[in-house]
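Heads up, the next two complexes both have chain A, just with different partners, chain B and then chain C.
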Partner chain A sequence: MNAIILSAIWGIVMMFSGVFVSGKRTIRTIAILGLLLLFLANCLDLGGGFRVHIDVHRMLYFDTFGLLANSVIFGSTLVFVMLSGRDMENVGINLAEYFALIFFVLCGVALVTTFNTLLMLFLGIEIISIPLYILTGSDKRNLKGNEASLKYFLMGAFSTGLMLLGIAFLYGASQNGSLFIDEMAIGKAPISPLFISGLLLLLVSMSFKVSAAPFHFWTPDVYDGAPTVFTSFMATIVKSALFIGFIRLFDEGFGRVHDRWQLFVAIITAATLFIGNLTAVFQQSVKRMLAYSSIAQAGFMLMAILSINGIARDGIILYITAYSAATIGIFAVLIRMKDYTFEGFSGLAKHHPVLAATTTIFLLSLAGIPLTAGFFAKYYMLAAVVSTGKYLWLVIFAVLCAAISVYYYFRLIQAMYFKEGDRQELDEGPGFRILLILLAAVIVVLGIAPHLVTDPVHSLIYLW
Partner chain B sequence: MGITQILFWFLSVLALISAILVVVSKNPVHSVLWLILVFFAISGHYILLNAQFLAIVNLIVYAGAIMVLFLFVFMLMNLNADTEPQKNKWLKIAGVIASGSLLLVLVAALKNADMKSRLAEMGGGNIGLIHNLGLALFNDYVIPFEISSVLFLSAMVGVVVIGKKE
Partner chain C sequence: MVPVLLIVIPLLSGLAGWFIKGEGAARTWSLLSSLATLAVSVYALTLSKDNPALHADVEWIPALGSRFSVGLDGMGRILTLLTALGYPLILIGTWRDSYRKAPNFHALMLLMQAGLMGVFVSMDALLFYFFWELALVPAYFLGSQWGGERRIQATFKFFLYTFIGSLLMLVGIIWLYYHTPDHSFSLNSFYALRSKIANDDQVWLFWVFFIAFAIKMPIWPLHTWQPDMYEQAPTAVTMVLSGIMVKMGLFGIIRWLAPVLPTGFWAWGDTASALCIIGMIYASLVAIRQDDLKRLVAYSSIAHMGLMCLAIFATTSTGMQGVMIQMFNHGINIIGLWIVVDLIERQFHTRKISELGGLAQKAPGLAILLVIVALANVALPLTNAFVGEFLLFSGVYSSMATRYNVLFTVVAGLSIILSAVYTLNMIQRVFYGNVNRLTEKARDIRLNEKVILATIVVIIVVIGVYPKPVLDLTKDTVEAVITKMIYKQ
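Right after this comes the complex of A and B.
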């Protein structure tokens, strides 16, 4: 509850700081302070030190899994703002409002990770979506951004409509009109067709929100058209939160009837992996390549939903940590580049060795090379599927797709290290460099010793 | 057949026919007018269920506010047959196939659904009265009610961000 209240309040604080504070630096400092407070408040909630108690009528359920995911997401938002906060100034003049919208998104994130009724899931997803439509179109002079924003809005509204239809079906299917996810599909009563229809519609709309194939068509256009700073935000923080909501819904709500939907999720996973990886190979722009790579990574995260078990729950936390850290890092470098094509990165290693080295570590992590966090993240996902005892074909297919992904990630590394390029003036202060090195260090440490994260996660989820 | 049943069938037929006319009308202004009729028919259903507040809110918000906005937008955009872009034939076929498949799946799934045991109470039940609705809203559903304010606030901030001149 701490996080929900604090993020909403800090959103209002940011809104008013736009009126009363003139310096952009001050506004950024207020935002960073707010994120720090949010992170600490959530950790206090997690540790049990201080909790705001409100009778929520069981509509929210603050378990360790959700709160831990919150901590990871707020932490990555903090890193994101510290790395790329300055680039937000270049998008438009409404800096304080952008931060206000980001805080409102975080309020939605805190709802999506801790919901216990479909009502709260719907509210949370809408609170996340509406500010995102705005942030996508925040660069008003950019026609591509406007197009992306409108496209995202129309498609997102349509998928929300499908979700509402599904919720209505589930409400009709429940015994006495309940929207609580832990009361669905309970008891000995045979599963009604209404329930299955609602489940499928929810599966479709959630797949849309996390950009799983074949509902991914909006992703490349929106991620490419949006200002790069906000693409970074959408592809990492928001996507992680939606995955936590997805797994929560399908584990606690539909977990008891998992034999009914597992095959569908397996097919969606395979399609997502295939389309994401294969299309990324042909991209010329690094930004668009990263958009497709985020679809491909979503394919791996979908494996956690396919195999709802303990390993999947540990693994998804590790996965969102590794994925968010690496992607935020790459985007932070990309934002400062003048040329977004692969050629634009040529010769980066010679002139900006620190940026090139850290970007390489991030890319290796995304590709899942050992000694980086991405390797163990992928390992956990595959192990989760293996432990279900079925869907071995999916594991093999996923490993093949990961092999394809190495090609396009290494293409960027090759451009940076083995191609000649002109020196370009990049805006890199010492603080930026130190943060990137720290982020890369986190990825390497997690890659060498993943138990640093998974053990506490495991003990928190199961023993505490 | 009592008066309630006659009204129910009348309103249902009215709602369905107007809904079909919304889709098939060539002129967008006609579509909007048919849509208003759909809302009136649905409000009639709410009254049959003794949900007076919902009926009035449906009329005020949808038929009143949103439809007027629709009409304004149509008139400002000056839509007519000449300005309508040529639609791709394949796109139309793809749309028909896609939505037809969804219809088929839903009908196939729901044709066996047993809904007879869950018929709504006609005329009885008083959960739809303002007094009971208010009690439910501010007791059991107070958390979603308060949190939806964040949603509206973020939408308002967004409108300012998009609409403000740079």
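Right after this comes the complex of A and C.
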């Protein structure tokens, strides 16, 4: 509860800070302060030190899983703003508003990670989506950005429509007219076609949101068209939150009838892995490659939804941590580059060794090489599916796709280290470098001791 | 404690190596570190096999049931000795090679050594996988940054092949992990599984593991990365790859595949043996046609690895004993061959056999040492490889695991003849014959190379004459593995 309230309030604070404060630096400091408070407030909630208590009539459900995910997401946002906050100034003049929108998104995130009724899920997803449409089009003079924004809005509205329809179906199918996910599919009554239709509609709309194939077509265009700072935000923080919501819905709500929908998820997973990895191979722009890589990574995260079990829950937390940390780091470097193609990275290692070395660690993590967090993230996903004893073909398929992913991640490493390039003036202060090194260190530490993140999931606290 | 030291010394000195300035200092640092590792490894030989210092076991990731569990049995000791001995040989042998950004080169070499050591001492499957990949990453950077013109493609091919293999192996490891009663990655839990896995599962699990190991060795038809990689990588890296890293494949089969999945191993034994044999003959024939020294040695290595792999499938203790000793011998011999190739390339800037000739007149010292190493490569009596290959062949011949033991022995025997053809042919054309314009100015070898090649020759002869200490060292592992392999026959 702490996080929902604080993020909403701080969003308004940020909005007004644009009116009362003129310095961009001050605005950024206020935002970083807000994120720090948000992170701490959520940790207090998690640890039980201080909790704002409001009777939500079971509509929200604050368990460790959701709150831990919140911590990871707020932490990533904090890192993101510290690394790339300055680059937001280049997008447009309304810096304070951008931060305000980010805080509103985080409010939606806090709802999506802790919802207990379909209404709250819907509300959370809308609160996330609408600021994102604005952020995508925030560079008003950029035609591609405008196109992306409109595309995102239309696609998003469409998938929201499907989601509402699905919710209505589920409401109709439930025996006592309930929208609570923990009351769905209980009892011995046969499962009605209405229920299955509602479930599938929700599956489709959630797949839209997390850009799973074959509902991924908006992703490359939107990620490519949006200002790169906000692409970074969308591809990591927002995607992580939606996955937490996704697994929550399908675990708590539909977990008991998983045999009815697992095959659909398996097919979506396979398609996502295949399309994401294969298309990423052919990209010439690093930004577009990262967009497809985010689809490919979503394929791996979908394996957690397929296999809903304890390992999947541990794993998804680790996965969003590893994925967000690495992707935010790469984007932070990419934003500072002038040329977004692979050739633009040529010779980076010679002139900017720290940037190149940390980016390499991020890329190795995304590729899932041991000693990085990405390895254990992938390990958990594979283990989650293997432990179900089914869908072994998917596991084999996934590892082959992971091998493909090495091609495009290593292509960037090859460009940075083994190709000659001209020196380019990059804006890298000591603070930026130190942050990148810290982020890389986090990834390596989690690559040796992943239980630092996953262990807290097991200390379940239930409270309403 | 000893196995931990074997990992930690190269790891820490490798990390420290990044901060050293200057080529000479980096080279010395790297040599000192590898000598320290060698000392530890020799010390390990003096300990009895029950000594607690040979094992270490601490908690790593309790949530996953994985422990940092390392230990040295006979096979572990012989392979860590090979790794520890190989590094100083390589470093001194290539002492005059100079590299751009030398500190990085040496640091990566040491990190690779840490990975290799880890593979050979791990007693926990997840840890094993971890080191398996960790040995690969430095190899990727070493091969891509230093080496021939097509190095980036060749190294990437190598990386991709091995990475696919190891990911398949990871799936196998996870599958086995979920079938252990106590959800543990430990070697003993895996061994305890072997009678509990259904035959149908053993049959496919065999391939996910075998492909990973076969790529590493490499076994035909998964060998295509190898000649390119050996040719393009800097010679010091090629020496590590061919002398030490390929042994990871054999090691993996002996430790993690054969005793864990005996039925699958037996069921596919003939198929895999046939692949080994095709590879041996194919590689030998290709080697005869090679004009490039590096590619010739590369193909000869495929043939030798094929024979060792074949002997594992024979499931006899003689054959297994042969594999143990031959893993060590092959590592030493091939490092010797590479040192000669490196010498020739550095002097004449060519590796083409057709452009060389008459070296024996100009460099008699080199010629004598090379001939001994080359004869060991052909497995002439009194050389170490004779002992190894004799055991391998008698193991294959007396095999009860296959009906085709005679056929296998005969066809595999052909490859020995072929190996004599290409090796002697190479010696003849490079060292004898007429001196040409290029080889006129040839110098004889210098002190460091002489010392290293002489050391290698001494090892070759000593093991060739008196192999008992080596055989005694690995006896316990052989017995243990063979008992587990014939468990279900």
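Simple rule for what comes next: the second predicted complex is superposed on the first by the 458 of 464 C-alpha atoms of A that agree within 3 Å, B and C clash if a C-alpha of one lies under 4 Å from a C-alpha of the other, contacts with A are read in each partner's own complex, and residues count from 1 in each chain.
Note that in this section a residue touches a chain if its C-beta (ideal position, glycine included) is under 8 Å from a C-beta of that chain, and two chains touch if they have at least 3 such contacts.
Model, not experiment: these values are computed from the prediction.
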What is the contact status of A:L111 with respect to chain B (first) and chain C (second): first, second, both, or neither?
first
Return first, second, both or neither, reflecting whether A:G11 touches chain B, chain C, both chains, or no partner chain.
first
Thinking of the overlay built on chain A, is A:Y379 touched by chain B (first), by chain C (second), by both, or by neither?
second
More chain A residues in contact - chain B or chain C:
B
Could you look at A:M59 and tell me whether it touches chain B, chain C, both or neither (first, second, both, neither)?
first
Looking at the overlay, what does A:K144 touch: chain B (first), chain C (second), both, or neither?
neither
Considering only touches as defined above, state whether A:P450 meets chain B (first), chain C (second), both or neither.
second
Can you tell me which positions in chain B touch chain A when the two form their complex?
105-106, 109-115, 118, 140-144, 147-148, 150-151, 153-155, 157-158, 160-162, 164, 166
So, in the complex, the side of chain A touching chain C is made of residues 314, 364, 369-371, 375, 379, 382-383, 386-387, 389, 392, 395-396, 399-400, 402-403, 406-407, 410, 414, 417-418, 449-451, 454-455, 458
In the complex with chain B, residue positions of chain A that touch it:
4, 8, 11-12, 15, 54, 56-57, 59-60, 92-94, 97-98, 100-101, 104-105, 107-108, 111, 119-120, 123, 126-127, 130-131, 133-134, 137-138, 140-141, 172, 192-194, 196-197, 200
Residues of chain C touching chain A in the complex:
61-64, 129-130, 133-134, 137, 140-141, 144-145, 152, 156, 159-160, 163-164, 167-168, 170-171, 174-175, 177-178, 208
